[in-house]
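Note that subunit A is present in both complexes that follow, paired respectively with subunit B and with subunit C.
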Partner chain A sequence: MKSYTKLGFYVFLVPILMWLFLLIVIPQIELLIMSLRFENDAGDMVWSFENYKEFFVNEIYWYTFMRTALYAIIVTFLTFIVTFPIAFYITKIVNKKYSAFLIILLLLPFWVSELVRVYGWTILLRESGVINYFLQNLGLTTRGIEMLYNDASMIMGLVYTSMLFMVVPLISSLEGMDDSYIEAASDLGASRLTIFFKIVIPYCASGIVSGSIVVFMLTLGNYLTPNLMGGKNSLWFTEQIYNEFIASLNWNQGAAFGFLLLILSSLIIWAGLKISKQNLAKALS
Partner chain B sequence: MEYVLDVKNLQKHFADHSAVNGIDLLVEEGKFFSILGPSGCGKTTLLRMIAGFLEPTSGSIKIRDEEMTGVAPNHRPVNLVFQNLALFPMMNVEQNIAFGLKRKKLSQKEIDKKVNDILEKVHLKGYGKKEVSQLSGGQKQRIAIARSLVLEPSILLLDEPLGALDLKLRETMKIELKKLQAEFGTTFIYITHDQSEALVMSDKVAVMNNGQFEQIDTPKNLYANPKTSFVAGFVGESNIFNAKLDKDDNVISEEGLNFKVTLIDEITKNCEVYIRPESIILMPDDTLEGLNLFQLTVKTILFDGSNTKLLTTIEKTNHEIMVSLPQNRQFAHIKDGDVIQAGVHFNDCKCYKK
Partner chain C sequence: MIRTLPNSKPYSIGFKIYVSLFFVFLFAPLAVTCVLAFNDSNFPSLPWNGFSLDWFISNTKERLGIFNDEDNLKSIWVSVQTAFFVSISAVVVGTLGAFLFERENFKYKQFLYFLALTPLVIPGVILGISLLLSVNSAGMFFEDNFNLDFEILRPSFWLVVVGQFAFITTFVLLVVSARLKKFDDSLEEAALNLGASKLEAIRFIILPFLKPAILGAGAVAFLMSFENFNTTLFLIGSETTLPVNLYLQVRDGSTPVINAISFLLIIGTSILALLNLFFTKKTS
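The block that comes next holds the complex of A and B.
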C-alpha cells in the first residue's frame, strides 16, 4: 500500500519536474550563458559582465526600468483600489443569490484575448473614436482629442487588464471571512473606518498580497498593453528587451536585461513582503 | 426595582414574515436572564435588535432609561458574545481583549492593566500572548466573554455561545458562566434553545414562541406551573393526552380514560392533559387521596443512570407513557412486560385548551 502511494507521488512529480527543467531551467541557463558573453573589439566572444554593466552605465535603461517598476507599483495599487469595493460588494453586501452571477459577469470580458480587449480601448479612445464622436456631436469640443498614447491611458489599460487577477483572490479571502467579525468589531465600539483597517484588511492580507504579487509581475512583464496604449514613447522595460532581441539582434544584451528584470522584480516583491510583514508561503496558500 | 432593560411593544416584520410580534420585557439589574425558545421563534432577531444590528419595525428599547432605537451598535452600552465567538484570528488574546478598550481611546497603561485584570478574573492569567488558535474551546469561550466584559457594558448579550461545545464541556461551562455572572454582577441576557442551560443558569427565563413571550418566570415556576401548553410541552418532558371535557374538572381522553384534572385554561370542549414523568407514582399507597389510578404495562426500561425511565402503555390502550423510575432499589424488580398499578395526583394533571 505504502509503495503505491510512493509510486503515485513520483508519477505526478516527474511531469512537473520535466516541465520545469525542459521549459524553464534549460532555456534560462542558455540565456544566462548568453547574457555573460560579449563581443570584444577584436570581434571575439568572451566571458564578461559588459552586458550587465551596460544597464547601469547607460542612463536610458536604468531610467526605463525605474519607470516601469514605479508604474507597475502604481498599477498594482490602483487595481487594488478599484477591485476591493467590487469584491466586498459581491461577497458581503449583495444577496448571495446574485453573487455567482456577478462573478461570471466579472470574468466574462476575460474570455476575450487581451489583444482584442486592448483594441477595444483604442476604438473608444482614439482621435476618431467613439468618445470623441460623442464629444464633438454634443458640441463640447470642435477638434478630436487624442486620448491614447499617454501614460494615463496606458495605466488605465494595465489596471483593466490586471483586474481579474486581483479580484479573484480578494473574493476568495473575503468569502472566508465570517460576517460576525465585522459585527463583533462594531459591537466592541469600532467605527466603519476602524473595522475596515483593523479587521477587514488584516483578515484579507494574504489575498491582497497574493493578488498584488500576480498583478505586479504581470504588469511588469506586460508588453502588449504598454505598446498599444502607451504608444512609441511609452518606454516599458519589456520593450527594451524586445528591441534588443528583435531590432538590434543583440541577444546577449537582451538576455542580460531579461535577467535583470527577473532579479530586480524579485527584489521589489521581497521588499514588499518585508514591509507588509507577510510571507510568501502564507500569501500563496 | 432597578430595570436595566425596558422593552415595550417591540415588533419586527420582514418582507415575508414577522419575527417578533409585540414583546414587552423588563430585566432587572444584575440578573441572569434567559430567553428560551425553539429555533425560528424570533429570539435571535430580538437579541440583534437589542444589540443594534437590526432596527425594530416599531416599539421601543430602553437601556438604563435611554432610548436605543436609532443608535448604532458601536454606540450602545451592550456587548454581544457571538454564537461562533468571533474572536479575531489575526490578533492574539491580549489584542482581542484590548480591541474595544482602544476604541475608547484609553491610555496604553490603562489598557494593559484592564486586560490583565480581566484575564485573571476569567482564570486565564498569562494567556495574553497566546494566539486564538492555540486555545481550547472553553478558553476561547472565556476570552470572548472577557473581551466583552472588559468594556463594562450595562448588559451582556449571549447568543447560544455553548452550542458549539461538546456535552461534557457544556456542562462545565454552564456552571462557569453562572459563577462569572455572579462575580461580575453584570446583567446577562442569554439566548438558547436548550432548556437545561436556561433552567440551570438563569434567575428568570422568558419562553418565546412565534415571536411572542409565552411566560416569563423563575426556572422553578416555569417547570412547576407552566401557564400555557407550549411551555408545558417545551420545558421539561410531559406525557400528553388529547381529551374532552366531561363535567367540572373531569375529562375523558381519546382512549376513553377518565382523569380528574387541574384546569389552567378556560375550557369548553377539546383539551390537552400534560403529566410529567416524575409526577406518576408507582404502586401508590392506598391512603393517598386525590389520585387518578391506572394500570401500566412496561414495554421497556430506558436506563440512563439517575434519569432512568420506564416506557409503558396505559390500561388496554397503545398510548405510550413515560414514567420516571427512582434508582433506589425499591423498583429494581420491575422488568419488561410487568403490569403495575400507578397513580397521579390531579394537581399534577394540568389541562390546557386545544
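The block that comes next holds the complex of A and C.
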C-alpha cells in the first residue's frame, strides 16, 4: 500500500465521491422520496403510502412482481445448467490447443447488441419465420405455428441473453482448479456424480455465485427480451415501471414500483450471498 | 471425466454433441439475421429470392437501404458520440478509483468500495428512472428559485452520457484494479529512488503498466455504452440512440433494413472484439 501526497489523495477521492453520491446514492434516495409522494384529491402533493397500497391492492401488480421474481430465479438456474457443461468441456476436456479458440467463439455473439440477438430470435421463431418455413417445406406442418409470445420462448430468450455472464465466471473458476483433485478422487474410486457434487461444485462456488448474481439482476431488470419475445402476455415487472413512466406519466407510482424492484433484487442477492457464505466484493471481482 | 483420465466413448461423444448443439443455438439467430439482410425480399423471412444489396444501397421509397436511411444513420452517429464520451470519462474516473481503492488507506474505504460496486447489482431500469427523477427535481428547483434552465437536467444527449457513465465506471474500476493489484511496488520505489517525482512515477511507470487494462476496459466501455438500452430509454431526449431507435422499429413491424444494420453491427463489433483480444494478448 503506497500513499501519495494529500493533494494526490483528493484528486483520486473527489471524482469518486461525486460519481457515487450524485449519480448513485442521491438518485436512490430521491426514488424513495418520490415513491412516498402522492397527489391527493385537492391536487396537492402529500406524504403517503398510497403508491405502495396501490401495489398491494391491485392484484395484477402483485402477480406480475412475484412472477418476474420467480422467472428470474428459474432463468438463473437454467442458465447455470446450460452453460456449466460448456465451461467444463472447454476447461477440462477439450484438447488445450482448442480451448482458447472455443472461448473466443463463445464470447463473440455477446459483443453484439442484445437487441440484434433478440431480433434474430424473432425472425427465427415467429409464424412467418425461418423455422416455420423449414417445417412447412418438410411437410411437418401445413400452417405456421406461432412459437413466439409465450413463456417458453421468453425464458429461452432470457437464458440466451444471460449465458455470457454465467459462463465467464464459471470458466475462470474452473481454470483455477487443479486437475489432480479430480484425478485423486477418481483414483480413490469416486463416481462421476460424487466427484461433481463433492469436488467440482464446491470448488467453483464463488464463480457460480458471482455468475448467478449478475444473471439474476440482469434478468430481473430486462425489458427488451420479455417485451419482444414474450409479447403482450409477458407480464414483466419492468414493463409496469415503463408504463407508469412513459404511458401513464404517473412518476410517483413508477417510483414506488422501481423501489420495490430494487428491494427485491437486493434481498435475493443478499440471501444468495448469505447462503453461499460469500461477500459482494469477493463475488464481483 | 477429464482429459488426463480415460473416458468412456458415450461420455465423450455425448459431450461433443451437446457442445455442437450449443454452438448452433448460440449462432443461429445471428447467422439468420445476417443471411436475410441479403435476401431480395420486402420482409425479413424466407423464401430466398436471390442475392440483393437493396437493403444497403437502394434509395427507393419502397426499399430504403441503410446507407440512405437518414433516420437510422443519425441514430448510429448519436450512439457513437455517446459511447465516445462515456468511455473516455468512465476510463478516467474508473482509473482514479482503482488508484484510490488499491493504493490509499482511509476511513470508510470498505463502505465506499461497496458503494462503487452497487451499480452492478442495481437493475439498469432503476438507475435510469432514479436519475430521471433526481434531475427533474433539481431542474424544477433551479427554475423556481433562480430561473435557471440547464439542459443536462432534462432528458437529453448529455443526460444519457451521465446515466451510462454511472454504471460503466464500475466496470472500468474492476478491470483496472485487477491489473493494478499485480503491479510490483519495487518498480515505483526504484523510480522514486532514482529521482523521479511521484507524478513522473505514475506517468512513466504505472500508467504504461496499466495500459492494456485501460485500453481493454475502454473498448468494452465503448461497446457497453453503444448497446445500452435499459438505462438510456428513460433519459433520452430528441436525439435517439441506435438501440432505442431499432427497438421502436422492431416493435412496430420490421423491414430487412434492420437486418442490414445488424449485419454491419455484427461485423463491426466482431472486428473490435478481435482487435481488443489481440492487443490484450500481445501486451500481457
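Throughout what follows, the second predicted complex is superposed on the first by the 260 of 285 C-alpha atoms of A that agree within 3 Å, B and C clash if a C-alpha of one lies under 4 Å from a C-alpha of the other, contacts with A are read in each partner's own complex, and residues count from 1 in each chain.
Convention: a residue touches a chain if its C-beta (ideal position, glycine included) is under 8 Å from a C-beta of that chain, and two chains touch if they have at least 3 such contacts.
Note that the structure is predicted; figures quoted are calculated from it, not measured.
Undergrad: Go through the superposed model and pick first if A:Ala255 touches only subunit B, second if only subunit C, both, or neither.
TA: second
Undergrad: With both complexes overlaid on chain A, does A:Arg67 touch subunit B (first), subunit C (second), both or neither?
TA: Touch partners of A:Arg67: none, neither subunit B nor subunit C.
Undergrad: Can you tell me whether subunit B or subunit C touches more residues on subunit A?
TA: Between subunit B and subunit C, the winner on subunit A residue contacts is C.
Undergrad: Is A:Leu106 contacted by the first partner subunit B, the second partner subunit C, both or neither?
TA: A:Leu106: touches subunit C, not subunit B.
Undergrad: Looking at A:Tyr242 after the superposition, I want to know if it touches subunit B, subunit C, both of them or none. Which is it: first, second, both, neither?
TA: second
Undergrad: Determine, under the contact definition given at the top, whether A:Tyr119 touches first (subunit B), second (subunit C), both, or neither.
TA: In the superposed model, A:Tyr119 contacts subunit C only, not subunit B.
Undergrad: Just subunit B (first), just subunit C (second), both, or neither: which does A:Gly189 touch?
TA: First partner only, subunit B.
Undergrad: Which partner chains sit in contact with A:Arg37 here, subunit B, subunit C, both or neither? Use first/second/both/neither.
TA: A:Arg37: touches no partner chain.
Undergrad: Between subunit B (first) and subunit C (second), which does A:Ile199 come into contact with in this model arrangement: first, second, both, or neither?
TA: In the superposition, A:Ile199 contacts subunit B only.
Undergrad: For subunit A, what residues appear in both contact lists, the one with subunit B and the one with subunit C?
TA: Common to the two interfaces on subunit A: residues 183, 186.
Undergrad: Subunit A touches which residues of subunit B in the complex?
TA: 51-53, 72-75, 78-80, 82-84, 86, 88-90, 99-100, 103-104, 147-148, 151
Undergrad: Quick check: in the complex, which residue numbers of subunit C touch subunit A?
TA: By the definition above, subunit C touches subunit A via 1-5, 7, 12, 15, 18-19, 22-23, 25-30, 32-33, 36, 43-47, 92-93, 96-97, 99-100, 103-106, 112-127, 129-134, 136-137, 162-163, 165-166, 169, 174, 177-178, 185, 188, 198, 223, 226-227, 229-230, 233-234, 242-243, 246-247, 250-251, 254, 258-259, 262, 265-266, 269-270, 272-274, 277.
Undergrad: Which stretch or stretches of subunit A touch subunit B in the complex?
TA: Per the touch definition, subunit A meets subunit B at residues 178, 180-181, 183-191, 194, 198-199, 202-203, 205.
Undergrad: Help me check something: in the complex, which residues belonging to subunit A touch subunit C?
TA: Residues 1-5, 8-9, 11-13, 15-17, 19-20, 23-28, 30-31, 34, 82, 85-86, 89, 92-96, 104-109, 111-124, 128-130, 133-134, 160, 163, 179, 182-183, 186, 192, 195, 213-214, 217-218, 220-224, 227-228, 238, 241-242, 245, 251, 254-255, 258, 261-262, 265-266, 269, 280-281, 284-285 of subunit A touch subunit C in their complex.
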